Amino acid sequence: MGGGLETPGLKVRDLSVVFDGMPVLNGIDLSVAPGEVVVLLGPSGSGKSTLLRSVAGLEKPVSGEVKWGDEDLSGVPTHQRGFGLVFQDHALFGHRDVAGNVDFGLRVAGMPSAARAHRVTRSLALVGLDGFESRRVDTLSGGEAQRVALARSLAAGPRLLMLDEPLGSLDRALRERLTSDLGSLLRRIGMAALHVTHDHDEAFALADRIAVLGGGRIDRIGTPDEVWTDPGTVHAARCLGHENLVELNSAGECALGLLGVGPGTVLVRADRVLIEPFPGDGELTAEVKTSSIRGGRAVVVVDVSGVMLRAWPRNVLAVGDRVGVTLGSGAIVPLKS
Amino acid sequence: MLRFRSDCLILAVVLLSGATACGSDDSSTTVPLISDAGRMAEEPAIVVSPLGPVTLITHDSFLVSEGTLASFTAQTGIEVIHQTGGDTGQLVSSAILTAGNPLGDVMFGVDNTFLQRSLDAGLFESYKSPALSGVPSELQLDPEYRVTPIDFGDVCVNYWIDRFGDDLVAPSSLDDLIDPAYADLMVVQNPETSSPGLAFLLATIHEYGDLWEDYWGALRNNGVLVTAGWEDAYYGEFVAGGGDRSIVVSYASSPPAEVIYADPPVDTPPTGVVTGTCFRQIEFAGILAGTKHRAAAELLIDFLLTPTFQEDIPLNMFVFPALAAAELPQIFEDFVELAEDPHLLNPAEIEAHRNDWTERWTEIVLR
Amino acid sequence: MRRIGATVAVAFPAAFLGVFFLYPIGAILFRGLGAEGLTRLIELLKKPSFWDVAWFTLWQAAASTVLTLAVALPGAHLLARRQFRGRSLLRAAATVPFVLPTVAVGGAFLALFERLGLADGPLHLTRTAGAVLIAHVFFNVAVVLRTVGSFWEGLDPRASEQARVLGASPVQAFRWVTWPQLWPAVAAASSIVFLFCFTSFGVVLILGGPTRATLETEVWRHAVFRGDLASATALAMVQLAAVVAIVMVTNRLQYRRAVVQQPVRRIAPPRASLRLLAANLGLLATVLGLPIVVLVERSLTRGRSGGGWGDWTFDHYGALASRSVLLPASALRALGNSLLFALVATGLAVLVGGLASLVVVHGRRALGRAFDLGLMLPLGASAVTLGFGMLIALDEPPVDFRSSKWLVPVAHALIGVPFVMRTVVPTLRSIDVQLREAAATLGATSVRTRREIDLPIAARALAVGAGFSFAVSLGEFGATSFLPRHPDQLTAPLALFRLLAQPGDALRGQAMALAVLLMLLTAASVLAIEGWGRRGAVRGDL
């Protein structure tokens, strides 16, 4: 985090925002390097949107600073920050057609109309909406509207693109497709992006780095691999989609054995829970409680003496099967509460 | 949307039924002033006369003490329904518009400046009240007795006493008002929009005859200020309301009102009246043509000239009783100086020239 | 059920307008024009003085509207987009000028000009067109502040934020994004303000001085003072024709586009910065507050005004409870009457206006436009014409209504209906668009959710309109004074007028005290009505 003074990119330092006396953001430190995609992950109410709005200059922080390189943006009004922001419900201008929406930023910047038309065509092509220029915005589908909103932000040529749950209101299949489209688009054009979501799958699909937000603070930040293998806190582990959170007693024990040095919660990494088809082959025995196939991979929940563990077996198992369970090396990750 | 609609439908039905109920509930609107439930119970039962009820239409300024109209009902058994309908001009115009299907049986409030118009419109039926014998003949302007004089009042130039003294004595005549010594001191009302304004114009016409235009030219040169109505003259520009002007067109009864409604109390009025400038306004009552209660209406006209009613007039309406024998309240005796020879013009002459006069006036004073 | 509902929605407002407005107005115009009417009309049109009056009427109304917008729009923004303590109080307090009788306010303005040194000197405001314009701003700021403010509040703030993020300065964002969305509400409010000023009466007479006249004052002068019904009618015809033309033009402007409104605020509006608050409130306080302060001061002091501060008293308020010699009923009773009339008038206005709004938005186009035009006209018709028209038209069964006290709230409701429609129609229209959009982009369940969200929006708009119509009724003087009534049925503005008709400081103090009570009653009622509307908005039922 943080770089040399001359490194360009977004730097947020010790940022705090208060609404009606309630702290919403509490000392946030965050940076986004050029070309990097950082995903803010957190449940609703964790302050993700507020962080984006503060970076955009739409909220006024009570303390802390927002910088681009070594340029302090504190006194810079929103429209001069050069950041793009795509809202969840796309906020298209209903009184303008698609082209009128996409060229808005260019128009206020005073770009001549011929150049504008060219940029609009290119931006629409980028998001796969060639030829949509003269469509009325209220005739667009949800996915199309979101892509117009994206094209509109890109056309203005921001140095940082912020996306506030842009896919949140779409159905699952569309969301997954657009997530991958968005990821490849951002990488293709090398755009620095700060993306907000509460969906860990989306976060892992897009992010160069993931920052997990909770209680107005950043719980954990790192590459997807780093944060997944070591979430750090219970909250972060939950946000990231971990389900095998096991409570230990005061001696650091649970049904799986001695896993720690005292009371607390540990994460049992699902990818390190090894399932053996024969109960005797594992260190522990367990019964399969649920079994399904997700994303082309078998997923089971097994009951180990009352502790439910999710695991990814090599073979498809049936509910009620008795199996052996071994916790592989690095399976146990201690968490702070 | 459907729910919204059905809600509205229910509301509509409720309100519609309410509206018709209200519409048919006319008795509630015509509660007689005197049938105050509490008092009715204490008084001996009134024998209801088949002649009534009689509806009395007046301007908004008509006011009597509580119980005054009740005494009429007590005597005659005729219920009085009182309705008001705006100022004198509105009253007369309404009556003309509803002629033939009148709003009531007796109308009170037409004055000598509107008299001819209502007579020309045939608003009233003739009735010579026996009580007229007690009314001075100069108040009886209609030889056919279509209207009966009930009260009179004078519109006079008033002045703020404190602003005058040895250096500048208070004005005492119309002539004084064009004296440069009184420059920029006077405020009058537009005769096109104000009844006292018109009265004052008529006073000057009566005084100067054909030369009235010159008089007003001189008044204008002397810095006379014109307002649309009495309220903005008296309360806006006159000293009484915090203004700068110390001479105003108002009423002969304004000084006693200034004492009665003083705050804090005072012993003598702060204003005086220039008696030589007064124009007499006489208010009449008449039986509206088309009445279905002629006999009751006659009794009501008679009642309006009884001492009971006449002596109730001054402190309610701040005008003077037409009945010569009626006693004036002490405060009127103390502070009212009635002009002995007030300006007065024939109603027919007023009606014939009024629009020409006010138009000429507008050109002289306002253009 | 649906069918019956639709029929009632059309029939009830149509019958209301027909019986209580079109028929009386038609009757008086027909009667007034009579045989010599046309010649009189032609004579009138040939007079240069008529054209002076017509021109003054028109330009002062236009200038007053523009000035009102200039003063009120920043305030509307503040109400819609910023949080601060006393926000709903300000919203309610802004309606107060609306109910103040011009006799009382006229005096306050004159005193104020005097005290601020504007009466003479370079500005010389007393008895000028400038004074008329300032007073019109005073009376009408509330219309813009509240109708535009409530609509603005319903607009999704993200559109303008999006514009800002795309590089638009605050001014550009307003110009290119907010203004086009806000425009229907601004047009609706402007048309109301324009009509109010177009038919201005007391303000013109008292503050404009004796040389200024509007068509309205001329109709009154000819009908009441000169007894020249033919000329009055000819003038009224011209006035009505102008009003029809104005309403048609402004309606056309409003039809241009409906705007999507957001149902429930998802992002708390930012707190207003002190500087922004101070600048806006300072402006409003100057225009609205100062004359009111003068009124309050006068209601609490003894003796001549200018006699100085210090001699404070509550006596004037105490005196209102007893029947003054000049009033046929106590002033408090008059306040009670006003309250009752206002309740009935508001009920009627909400019913008629609500149904008519449904027809305008969802009904057949021609019918909707006819309603939109017809129900707006009472706002621009002269009180004299309407009052006299009711007298001669509603005089025989089946509608022998002319002596009923309920004619007063009916007349008030006629003026209240346009307010209800002007706040409800733009909102309903936006909901309509939103439903279609939701249907296009989301699933059917979302459409249902939207409906549940939309009713509260409609409730909010309805409450704003109801609050207005309540205030209009509380303060109405002109039409009321033309309707015959039992003296006990005195309304507060009439009582106030009567108190000011005699000399005496006590009477004037009482009149001012009554004006202050009327203001407080108005603010409290509007606060209550809007509170109801907002609670409805939260609960989600009407």
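Note that the chains are named A, B and C in the order they appear, and that numbering of residues resets to 1 at the start of each chain.
Going forward, a residue touches a chain if its C-beta (ideal position, glycine included) is under 8 Å from a C-beta of that chain, and two chains touch if they have at least 3 such contacts.
A quick note: this is a predicted structure, and the numbers were derived from the prediction, not measured.
The most centrally placed chain, judged by C-alpha centroids, is C. In terms of the distance between Cα centroids, chain B is separated most widely from A.
Chain A and chain C have centres, each the mean of its CA atoms, that are 52 Å apart.
Computed centre separation for the pair chain B/chain C is 32 angstrom, with centres defined by C-alpha atoms. Here the spacing of chain A and chain B, counted between their Cα centres, is 83 Å. Counting partner chains per residue, chain A has no residue touching two or more of them. Looking at the complex, you find that chain C touches chain B at residues 1-2, 4-6, 8-9, 12, 28, 31, 103, 106-107, 110-111, 114, 205-206, 209-211, 217, 221, 223-229, 302-307, 313, 315-316, 323, 325-328, 347-348, 351, 354-355, 358, 362, 387-388, 391-392, 395-396, 399, 401-406, 451, 455, 458, 481-489, 494, 497-498, 500-509, 542.
Chain contact summary for the complex, chain A toward chain C: residues 19-20, 49, 53, 56-60, 77-80, 82-85, 87, 89, 91, 93-95, 104-105, 107-109, 138-142, 145, 152-153, 156, 169.
If you check the complex, the residues on chain B that touch chain C are 1-9, 11-12, 15-16, 19, 22-23, 26, 28-31, 33, 57, 60-63, 66, 81-87, 89-90, 92-94, 96-98, 101, 103, 114, 117, 190, 192-193, 226-232, 234-237, 239-243, 250, 254, 257-258, 260-264, 271, 315-316, 318, 354-355, 366-367.
Within the complex formed with chain A, the residues of chain C that make contact are 156, 158-159, 161-170, 172-173, 176-177, 180-181, 257, 259-260, 267-268, 270, 433, 436-437, 440-442.
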